[in-house]
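Think of it as A, B, C and D in the order they're written, each chain with its own count starting at 1.
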C-alpha cells in the first residue's frame, strides 16, 4: 500500500490523473475500470486535453465496474452516462474501447475480463459509509464476483438525489456491480478520496479491522493499492500510518 | 487465479518446483517465503540438485512466514529447522540469503519486507481445517499483519505430534506468523495441496464464501494466486471451477 | 546480461529448460521463438514430459525465427520439421499454438508479432562463425527486420550436411530469417551454447567489438540477455567477464 | 518501438513529462538517467510543480549519462549544473537521490548501475549529427560502455557556444559518456526530439541503416524505445513508418 496525501482537491486530482496516465502509457493493450461520480470530476477535466485525439492511447480499454438503470426510461444508464459526459465524449475515446457493464451482460463480465487478462487497474472512490463501486454495507459479500443486487427501500432517496435529480420514480429495483472478489482480482487498485466528510471512513478502512459491513476495509489486503487523498480526507490518519505507507 | 491439477504427488511436486524456479530466475533480487512441512518435501528434493552451488541463484532471498519455538530448549525453532533440513542446507543456500522470523523480530517483519520491496512470492500449504501459515481458525483475523499468537490447549497435542516427536512438554505458549494481510500483500501466492483428506477444504476455499473462520477462504481474492493440486486434492472441485480457472 | 556457466551439456540443458519454463509459467499469453538444431536437443527431451498434456501451458505460443525449404520437395521445411520432431509433436503442442515462418509469410512476420505485443523471449544458439538464426556473416545487416536471403555457393555443402543428409540437390536458393533488429526487439533473449569449438566465438561476442561481420556481437547490447554455457563454451572467457556478469 | 507525434513543442514537452511520471510512479526504487540541454527545458518546467515537495517520489534516483568539466574552474561541470538549474533544484530533489557521473567515477558507473539493477529508463535527446549523450560520430563505438573520450579540435567552438558562453578557454580535453552498450542496456529508452533542423536525422535513424557513424541509428534495435516528436521533427517520416509504429 502507498498513501499519497495532497494538500487540496486540485492537487489530488492532478496526482490521480498522473496515475491514470501511468497505466495508460504502456506499449500493449491496457484494461482500466474507472469511477464516475464527483470525486474524479476535476481529474477528468485535467485528463481530457492530454488524451483527446492522441493515437498513442488507442491501446487503452475502459470497462465499467457498476451500473444502475433508469426505471422506465429507454436511455443509457447512470454510470456509463456520467463517464461519457465527463470523459469518454470530450476525450473522444473510440466506441470500440468502451465496454459497458449492463443488467444483461453482468454474468459474463468476469469471464470477459479474464479473456483479456484481467484489469490492469481499477480506480475507485469511497463512500462515507464504506462502500466502493456498488458494494454497499450488506449489499455484497467479500466472496462475490460481479453480481446483481437489490436496491433497498432506504437507499431509494439517496440514489434519486445523487443520480436522478431527486426523481425517485426513476430508481430501479436492481443494480449490478463488480463484487469485492472481482475488484480485488484487478492487478492494481487506486483509491481516490477527498473531503472531511470521508476522513472517518478513510481512517476506519486503513487502520481498523476487516469487516464485511465496512466493504472497503478489504482493500488494504491488496498487494498493489495506492490511496490518493486530499488533506481533509487524510486528517484523521495516525502519524504511524502515514510514516509506514507514505 | 490459476488452478493446475497434476495426476499425483510426484507431478504436483515437479510443477511446484517449476514455479519456485520461475520466481528464482530473475536478474534482480527476489524475495520468497516458502513453506516447511510434508507437502513440499518432494519439491525440495527435486530443487536441491538444480539449486546447489549455482551462483545464478544468489539473488534469491528467503524469508520465513511463521515460527514456533521449542519450549525450554536452546536450539533453532521448528520452521527454520525444517527448512534447513529439507532445503537450505542440502541446497547450500548462503546464510546471508536466509532471513528467519523469530519471537524477537516478528514486530519488524512487515517493515523489513517493505524495505526490500515486499515478497515476490509466498508458497504456502493448506490445512484440512483451512489454516495456512500460522493462521488457524480463530487464531488471526483478516486484517492482521505479522503477529504473535497464543497456542490453545486443544492444539498442544497436534503440534507435539507434528513437530516435536509427540513431546508435549516442548510445546511453547506462543508462536508467530504472517497474518492474512501480510500474506495477501505478497505480489504472488502459490498454494500447493495434495491428498484426499484436503479435498473438502480445497473445494470449500475455492467455491465457498469468504469467512474468517476458514482462513484460506480469503486467498481467492488475491490477483495472482496459483493453486497446484494433485488429483486427490482436486477431486471434489466442480467442472465449472476447473473450466474457469484451468 | 547474465552469464550462467554449467559444468556440462546435461546441466546446461537443464538450466535452459528452466529458463524456457520460466517464460512459459505466466498467467497470460506468452510468445516464444525457439531454436532447432543440435544444441537444444537434450533440453527438449527434458521439457517434453513436463509440458506434455498440461493445459496450464496452453497460453504459450511458438513462432519460428528462420526457415529453409527443401528444394523441389513438397514437404514442411527444415526448421519447423526439426521443432516438430524434437518438441512440438512429443510435447503435443496444439497446432493453433504453432506459428511457422515461411517463404510466403515472412514479410508479415514482424507485423504479426507486433499485433500480439511481440516476443516475450527468443532462445537462440550460436554458430562458430558468429551466426544466430539465419544471420550469417554478410547475410544480413544490423538494421534488418525479417528478411529473405540468398544462400551462397560456399554454404550449400554445409547446409546439405546439417539439414539434408548431405543431399546438395535439396538445398534451395533462398531462406528467411528474423534479422538482427527483429531479434533484438524481443523482450528477452536467451543464448545457449555448448562445446569447445564455440569457445572462441563466445569470447569474441562477449568481450570483443560489435561488428556486423560477427552477427552475434550485437547481442550484448540487449537489456535482457541471458547466456547459458557449458564449461567448454565458457573456457576462454576472462575472469573479469565472469565476475561482472555471473 | 512506439512513435508519438505531437503537434508542437509544448505538447511534446507535455507528453515527455507524462512518460517521466510514468516511470516515477512505481512503488519501488526507480533509476532514471535524464537529459540536459534545450529539448527538455519546457518538460522540466511542467514537471517541477508536480514533483516538488512530494514524498511519493522519494523512490526515484537520478543518474547522469554524460559530463564535461569546465577547464581550470573549480565548479560543478556542465551537465549536472544544467540539470540542477532546470530540474533538481526547483523540484527539490534530495541530494541523496542525485548520482552525478564524473571524470573520476566513470569507470565504476556501469558496475554501480548493475548493483542497483540497472536503469529503468534513460531519456535522451538527438543531435542533428546523429549523436545522443556524448556519443558523437566517431567518438564511441557500439560496443562501448561508459567511457572517457577526447574532445576534437573541430568540436571546441560548438561546445563553447552551447555550454560555456562561447568561451573556448573553458573547453576541456576530455569528457565522459555512457556508450551505446550502456545506453542500450537500460530497460527503457525515451527519445525526445523537436524542431525541423532534426527532421532529416529523425528519418535517418528510424528508416535508414544501422551505422556506427550515425550513433543514434542503433536505438531502434532496443526492445522498448519510445520516440516523442513534435510535428517538425517528424515531418520527413514516411507514412509507412508512422502507420507501423504509431
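Annotations
In the analysis below, contacts are C-beta pairs under 8 Å (C-beta built on N, C-alpha and C of every residue); 3 or more make two chains touch, one makes a residue touch a chain.
Since the structure is predicted, the reported quantities are computational estimates derived from the model, not experimental observations.
Between chain B and chain C, the least number of touch steps comes to 1. Common neighbours of chain B and chain D under the contact rule above are A, C. Between chain A and chain B, two chains of identical sequence, the interface residue sets overlap for the most part, with shared numbers making up over half of the total. Using the mean of the Cα atoms as each chain's centre, the chain most removed from chain C is A. The geometric centre of chain A is 38 Å away from that of chain D, both derived from CA atoms.
If you average the CA atoms of chain C and of chain D, the two centres end up 33 Å from each other. Put simply, the C-alpha centre of chain A and that of chain C have 46 angstrom between them. Shared interface positions of chain D, i.e. residues touching 2 or more other chains, are given as 27, 224.
Residues 1, 111, 114, 118, 141-143, 180-181, 184-187, 208-210, 217-218, 220-224, 244 of chain A are the ones touching chain B in the complex. Only residues 2, 4, 14-15, 18-19, 21-22, 25, 27, 50, 54-56, 224, 226, 246 of chain D touch chain A when the two sit together in their complex. Remark: chain A residues 27-29, 117 touch chain C in the complex.
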